[in-house]
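As written, the chains take the letters A, B, C and D, and residue 1 is the first residue of each chain.
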Amino acid sequence: MQKLLKVAVIGAGSSYTPELVEGLLKRVETMPIGELWLVDIEESWWKAEIIYGLTKRMADKVGSKMQIHLTANRADALKDADFVCSQFRAGCLESRIRDERIAAEHGMIAQETNGIVGYANACRTIPVALEIAHEMEVLCPDAWLLNFTNPSGMVTEAILRNSTTKTIGLCNVPVNMERGAMELLDADSDDFFIQIAGLNHLVWARQIIHKNQDKMQFVIDEVLAGNDKMRPQNIAQFSWSEALLKNMNMLPCSYLRYYYASEDILEKEIAKNSQAVNRADVVKAIEEKLFAVYKDENLNEKPKELELRGGQYYSESACKIMNAIHNNTGEIMHVNTINNGAISGLPDDCAVEVSAIIRSSGAHPLSVAAFPEDTLRLLQTMKTFERLTIESAMKGDVETGLRALTINPIVGTGVKLERALKDTLIQNAHQLPQFKPESFEILQG
Amino acid sequence: MQKLLKVAVIGAGSSYTPELVEGLLKRVETMPIGELWLVDIEESWWKAEIIYGLTKRMADKVGSKMQIHLTANRADALKDADFVCSQFRAGCLESRIRDERIAAEHGMIAQETNGIVGYANACRTIPVALEIAHEMEVLCPDAWLLNFTNPSGMVTEAILRNSTTKTIGLCNVPVNMERGAMELLDADSDDFFIQIAGLNHLVWARQIIHKNQDKMQFVIDEVLAGNDKMRPQNIAQFSWSEALLKNMNMLPCSYLRYYYASEDILEKEIAKNSQAVNRADVVKAIEEKLFAVYKDENLNEKPKELELRGGQYYSESACKIMNAIHNNTGEIMHVNTINNGAISGLPDDCAVEVSAIIRSSGAHPLSVAAFPEDTLRLLQTMKTFERLTIESAMKGDVETGLRALTINPIVGTGVKLERALKDTLIQNAHQLPQFKPESFEILQG
Amino acid sequence: MQKLLKVAVIGAGSSYTPELVEGLLKRVETMPIGELWLVDIEESWWKAEIIYGLTKRMADKVGSKMQIHLTANRADALKDADFVCSQFRAGCLESRIRDERIAAEHGMIAQETNGIVGYANACRTIPVALEIAHEMEVLCPDAWLLNFTNPSGMVTEAILRNSTTKTIGLCNVPVNMERGAMELLDADSDDFFIQIAGLNHLVWARQIIHKNQDKMQFVIDEVLAGNDKMRPQNIAQFSWSEALLKNMNMLPCSYLRYYYASEDILEKEIAKNSQAVNRADVVKAIEEKLFAVYKDENLNEKPKELELRGGQYYSESACKIMNAIHNNTGEIMHVNTINNGAISGLPDDCAVEVSAIIRSSGAHPLSVAAFPEDTLRLLQTMKTFERLTIESAMKGDVETGLRALTINPIVGTGVKLERALKDTLIQNAHQLPQFKPESFEILQG
Amino acid sequence: MQKLLKVAVIGAGSSYTPELVEGLLKRVETMPIGELWLVDIEESWWKAEIIYGLTKRMADKVGSKMQIHLTANRADALKDADFVCSQFRAGCLESRIRDERIAAEHGMIAQETNGIVGYANACRTIPVALEIAHEMEVLCPDAWLLNFTNPSGMVTEAILRNSTTKTIGLCNVPVNMERGAMELLDADSDDFFIQIAGLNHLVWARQIIHKNQDKMQFVIDEVLAGNDKMRPQNIAQFSWSEALLKNMNMLPCSYLRYYYASEDILEKEIAKNSQAVNRADVVKAIEEKLFAVYKDENLNEKPKELELRGGQYYSESACKIMNAIHNNTGEIMHVNTINNGAISGLPDDCAVEVSAIIRSSGAHPLSVAAFPEDTLRLLQTMKTFERLTIESAMKGDVETGLRALTINPIVGTGVKLERALKDTLIQNAHQLPQFKPESFEILQG
């Protein structure tokens, strides 16, 4: 008889969890779960309870025998787990809302995984993520940690470099690119190949092959003509520059507009911000609606409203990768894993987001053809931003944080930056025990 | 109806061809061949005719409708081909026998793909291989060139860097490692993974995973204990050094004994040579016997004697890769292809021998964890030997050849080397039109 | 008797020339000049004539026997020259004024050697500079080309990579740093050492040693305390960020504020621009005054007013390096020359600005300790900007120009950038024969 | 009044010391010594006493007031020293004689600083050298350690990477190249420039300039024609290969024959060894004669016999560099110092032997043009040998030692190597406390 798996979900109060549960229930044949542990903290307990109720109703509906637990005691959930899905948000949505507001007030791009908001998020999140990884070293040394917690690239790298816990980071951006390109080409997965490479939220499609034909230029032309099937729903519509894209022979992900059109985006955000609405506010409103729906005692399946939330495919990716590892399928997925030379010009020990085959031994990245000089510089610069941010987050060091942000091309520089950083650190101080508040004084403003 | 494929075999008079034919006939369902073109030159025509006869008898036996052609006109065979298997030997076996004798006389290792014999072989072969590749650019630009011609690594690199013809090099060394390790672990391919990386005839197994367990140390210990299932039959028995291997955490291929025990091998060869027998002589004797068998009008299948020949699995690899490309299977094979960062520390544009997934778009190498410093140096040094040899072979430049050989650690240095090189070049002169005989005079001896 | 030297000055109508003449006349003992050739084009002829008159009066005053020529025929001046000083400005000051106005109108930093103004300047200048270098290959193959023409780093690299003419680029920024630090430390050159490294207008002092003591932190603290002796006069006053500089252990040149405080500078420029005054306008006003003074038939020496011009020490550097080469002195100067590994992480074949010993064989750079990761990224990114700009300037390629500017961190991105670039190219079109005007149409705006 | 310097000499019983003393006494004006401390250990005490006597007589002769001390207490000598010359030989000449005999018995090149003899020497020496460096950190943190102790490259690197003591390594090989080339060109130092680059005992002249002319090809042609003025006296006569050298555009040092003609040398050594004489035996005989001369109470100057000893210029280099540091002269010397990118392709933190300007702040290497691929591989491979040897010497690890020797191209491989290494380790065991004798058992033989 097949071994029954134990799966733990950290941050189970997320509105995405029903999608994950649906996925697990669907795969009962190939990947039978014995125990599902939902973990959350006090601040999100009310949400976690709603999710717990819905999860039980969903399991009952399909006659699943899986045991379902809700706990605030992480150790119970981790003990002997096979897979741990990390999807918590340090400081909850309120912190993100606050940080995005500060960024906007200082005239800066407010983006959860990048810039000054991403920096603050990393400082709050990385210490917690490392705590979990270190606990797993003891409680479930053979388990896989599947990280969805943002900023996913930095969190994954921090764990890969500081823990022996086996870790893979996932993101829905490459999945959206893959699905969009397939739709555009009317392809099915048998005769389609897309190679993704870069850093989290900073990837390009490097190859698109359909029925043995190179379709890169075709897809680029479609995208330039306005086709945006590859765009995730949580990213605003956008026109790419023909002069930039036409002859690039690779296709940037939607997030690259933050680099290739940072000022255009900033202008729009500033306009929007005058109406006091930002992405985090939008997300919060959607979430409130969703949990109202989840609470309904008659609901026993994933509701359609979830699709509006934006991060669709996150949870599906989680199920797909658990299955690929458990059954050693060797299928190609696009994951955050250790570089080890997959992308030339980036450090061997850093996290990259690349196409890889997934086996029981983990992710084996496909190697990537050399990036053109300008795009490699962008990757290297942003990797340095990430590494200095990780260092700042782990040491609680303000000056390293300032140097990280200074070289980030989508962040302002000079006095404006120091003021925004100071404001951000002061308002985050209660969530950043690793920083000494008096160290903020060196910043101008 | 499925398109019928056209396959051309350059150097069809090889004793391996019946294995290839057997493989093609077996795959009639997934990879239906419309035309099989056997190509050879005058010197080998008698052998090619024997093969042609046997091939027709083998096809008849299984009721194949495939058209079979024998020709000395390469263009007819290449025109609109889908796959071209290159397995010719420039200068035939006689040249190899002569070169190995010269090496032995000068007290040097006589190895067909390395050292001074490999250098001479490269100088004879590379111009012909490039000629074929350039013809394919015109006659069958969409075809795949599958190169088995030795020295396979250098030939493949010369083509990859100087032609647009799509090329993959193959060798039976990694296949022997894979099969040996599977036998040793009693594994089947579903739950087994081996990652191979290095240069042709200079690879290591970097990962061996069975049922989700890392089996590298287990296999190393077995090999140290004398288990040599991973050794190809044409390589002599050998004991690895415990001090060297025990803690290496990777497993060298059999050919690495040429580096790790060059003097032990040299001593044995010198001893053997006093009996005037070398590998090429052995091969010649086997070949003569084989062709006697092939001639038999009653023979209509691959005879068992072929297995003694040594390079078994060559032809099976050819069939397997044609199938993987034709049907876009994505299976993992170990091939010579362009590095593009797969192995950090080697040039992006060089040929490496690595595990890759095979799709209709070709070979996508898995990236390789950093090599330990000493093994990386060996790879880099031998790659420089290869690149200088290719340069010397293409330009007909003696001094570049001497510099190539001087840094090759299994080749002697100084006056001894110059004498051996001079002797080799003089005796090969008629087969090396790109060299000016007067340029040999700069060499001592 | 010592050989008399022939010196040619390209762009002799520059207001700096009297300083150069003064320097040459002072060195009559160690570096006797036989012929001084002043070269200029029609647009600047009136200035060149004024300079010619003043030069003759200056030479007469000190009783020099040097022959002085004014010519519009470059070949006469280059023929058998020993040293060629290139200080021309392609398109004269009017082009710079125009380009700076366009940049300002589009809300961008208007800086002669960087950003969109530097890009336009490079496109106008590099083809002319290469023409001169190629003429020198024929007319004076042993001569040294001393380049002061801006953008000096890119011009020097374009020549180093595309011509065999021996070339060294010079800039007064490192000289100002050296003199400022010496003044600050009350040091004289016997017991003082400063090592400069980076790219033109993007250098750091990497070592400051006085009387065998490391004085880097002392100088940093002084600079943070407001001491700005190291600032060239043409750069506005400025306070460095303590958080950024305090623990950097190297000292940025004044131009680094364009990177470390680009938004602060931009704000100031935008404010200033509303008063319709920019740097080029200021320079033009100074120049007009200077030439009025130079015209005075009674003036026979370099007038004091020249010191206000900003680029002081340019011409002194020219004399110093001619002397160092001519007399093989081995003294340390800070020059633009080929990298060859002096700065790790930048290409071997690129131009860097580094401390070097100057001998008759040219500049031998001192090697530079590894840059911290964030500063290396900035150097690499800006070098890529420079290389893509050179490529765009040589090929007349708009898209390469857009990619160059897109990764430059002090330049805007997106629609804003495309509009500014389109405007710049259209208004420069008559000076850019290598570009096809219809190719500008791909740009938005 | 000028500060009087304190100089300590570790290993003062060396036969070279009188040359050093002569040099110090000559420089009384520019570099006045207050105290000279001669240090040695019990095994060499009789020699040190002879040197002490001769030193005092030499000082008296010229009326020096310098205080001269002989001590076995190293701390007394190091306390507040300005310069420390390390010239000890761990295990004395007897160990070298023994190791060279073992190597010869196993048919291997017997060379004090390389191969298996160099490995043994490194294992004996590095722990002692580090002990001295660590004492200096405490007793004289501002002092310079000038290392002459062999294997000089590895000893210098071990200290540079493991101690904060300021260290420069010196060798007479580059000095011999410089002097030989100057003699050959009849040049004096004013108009001559030679750039040396590589590793200790593995350098090339990369530039030779005389009177502003590139003289590299001229010198190469002279060397090929038999001129061997650049050869140190302790290296046997030798003809270079024309095919190798003619178009190399750089000039190898004499020790490179160990790589470029290892087998020729080995043959000669084996022949010589049959007469039971090796280099160490020759040195011992010379030394015995020298000390007989030194003892003579009437001798009060450096005797002529010392010139036969071979390492001439060692001590002169010591005096020259002390003077250059003390007086901040900026002159060019060829020294072992930290790479920091001077040679591209070698690690930043490794020791290289390069031309550098010497100032009070130490050695500032000139950067070096890229090495041709084959020579870079040799440098990289030998640097890996050095680094693994240092690791083995510091950890007492046999397997790392075997891996080091295995990739060294002048050392045998396989069983032959393991036997030689085992024999060497067993016979050295009493001098290698860091190794566990039972760990030798893993070696074959």
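Here is the rule we go by: a residue touches a chain if its C-beta (ideal position, glycine included) is under 8 Å from a C-beta of that chain, and two chains touch if they have at least 3 such contacts.
Nothing here was measured: the structure is a model prediction, and the numbers come from that model.
Participant: Show me the overlap between the contact partners of chain A and those of chain C.
Facilitator: Looking at chain C and chain A together, no chain touches each of them.
Participant: Using the contact definition given at the top, which chains are in touch with both chain C and chain D?
Facilitator: none
Participant: Can you check how far apart chain A and chain D are, centre to centre, with Cα atoms defining each centre and the answer in Å?
Facilitator: So the centre of chain A lies 56 Å away from the centre of chain D.
Participant: Quick one: report the Å distance separating chain B from chain D, using the average Cα coordinate of each chain.
Facilitator: Computed from C-alpha means, the inter-chain centre distance equals 46 Å.
Participant: Could you say which residues in chain B touch two or more other chains, in rising order?
Facilitator: none
Participant: Tell me, which pairs of chains are in touch?
Facilitator: After working through each pair, the chains in contact turn out to be A-B, A-C, B-D, C-D.
Participant: Spell out the part of chain C that touches chain A in their complex, as residue ranges.
Facilitator: Within the complex, chain C touches chain A at residues 241-244, 246-247, 259-265, 373-374, 377-378, 380-381, 384, 387-388, 398-399, 402-404, 406-407, 409, 412-418, 442-444.
Participant: In their shared complex, at which residues does chain B touch chain A?
Facilitator: Spelled out, the residues of chain B in touch with chain A are 190-191, 193, 195, 207, 209, 211-212, 214, 328, 330, 332, 339-344, 348, 357, 359-361, 364-370.
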